[in-house]
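Following this message is one structure expressed as structure tokens.
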């Protein structure tokens, strides 16, 4: 059980670093948390439930992940905002692979309205790989509950 | 301290499974997380502060909990929605009984409006029992802050 | 790693007690979680990013923290509300000092509207000290994302 606890703690710390990188728009640091051949998907709960492989964001490989992040970053400049992740309900399974899920709430403050609202709500479905540089994401599927994501802007989450 | 930490971790995992069962509407799995003689209450902070034993949901025994869940499930079909729990601020006390509290935020996405909102916000006040099938809830009092729960629909939380 | 995990757990419990004290308006208990010479600041992300030392709340020393809490408590009576913290994404660093950060969402229910909304969203930037009475805050900077805090009421968070 202690080994499970330690792994749980490691992944919790990973998710905290991941969220901090995105919230501070440190996008290179964010992209480096994926393996070279990583799969990154942001898709709706409806599509995920039906097994549809489409998504708001669909990236195969870290190069594509990095490109996407910076393309969005440049776009996002036109509607600047603060983002803040709260990640909870972490669950980790150790088998041949390290699989994990966690619920996330991303709140946003747009610069033209004073209050904070829910930007996106969902679950991470992950596969982690232990590498020479520590844990990396080989797969992260972000499945969101919102029917429409506010502002139709597909920021990484 | 390590024993406290392990128990904390066990109950955190329990709450994560509990939330996942409700969010995916796996209501049989949810009801099986209670003991046969469990007490389950959903009540307002105002009533709880005054020591009033009334509630939106009041169940004595797992049979009643299961019945209530499925009755609500059928009703809920008329206003389908996605739910998502974020559980945090867990506190565990070991005495003769295992007592715990945790804050919860339940977000919802209704199918006729695109954004996510806070469905219910509150605190779990729990008594856990260690059984042959692992930890079970002997008592869960869900004390919510909202003055009215949106849509007047008393879903289990 | 086990020592890191234990310290992480200790600070998580500290933050849970801290939030519970504020949510229940136990302000003396709250103030006692700071050292005598503690620094407590509530400031906007914009000011923090620019290194400006101003804030909605600015307290040097526990006496000032306690005074401020009760002054606000009396004011708050005119607009009663329920508050509920969800604290997540804890990160702890052990060096010469114990430094930590954690994201917080404070939800509120005002007594003249039924639903729960986000009161304040931000990050705690902390320095902890181990004393004879356990861990205490020597410094807590609450950096909030909201551009305006609803109701312009500067409650401690």
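Letters A, B and C mark the chains in the order given here, with residues in each chain numbered from 1 onward.
In this text, a contact is a pair of C-beta atoms (placed from the backbone, for glycine too) under 8 Å apart; a residue touches a chain by one contact, two chains touch by 3 or more.
As the structure is a computational prediction, the values presented were derived from the model and not from experiment.
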Rounded to the nearest 5 degrees, how far is chain B rotated relative to chain C when their C-alpha atoms are superposed? 120
Interface residue overlap between copies chain A and chain B, same or different (over half shared): different
Centre to centre, by mean C-alpha position, how many angstrom separate chain A and chain B? 27
Chain C residues counted as touching two or more neighbouring chains: 5, 86, 88, 105, 117
Chain C residues touching chain B - in the complex, by the definition given at the top: 5-6, 9, 13, 15-17, 19-20, 82, 84-88, 105, 107, 109, 111, 113-117
Along chain C, where are the residues that touch chain A in the complex? 1-2, 4-5, 8, 45, 86, 88-91, 101, 103, 105, 117-118, 120-123, 145-148, 150
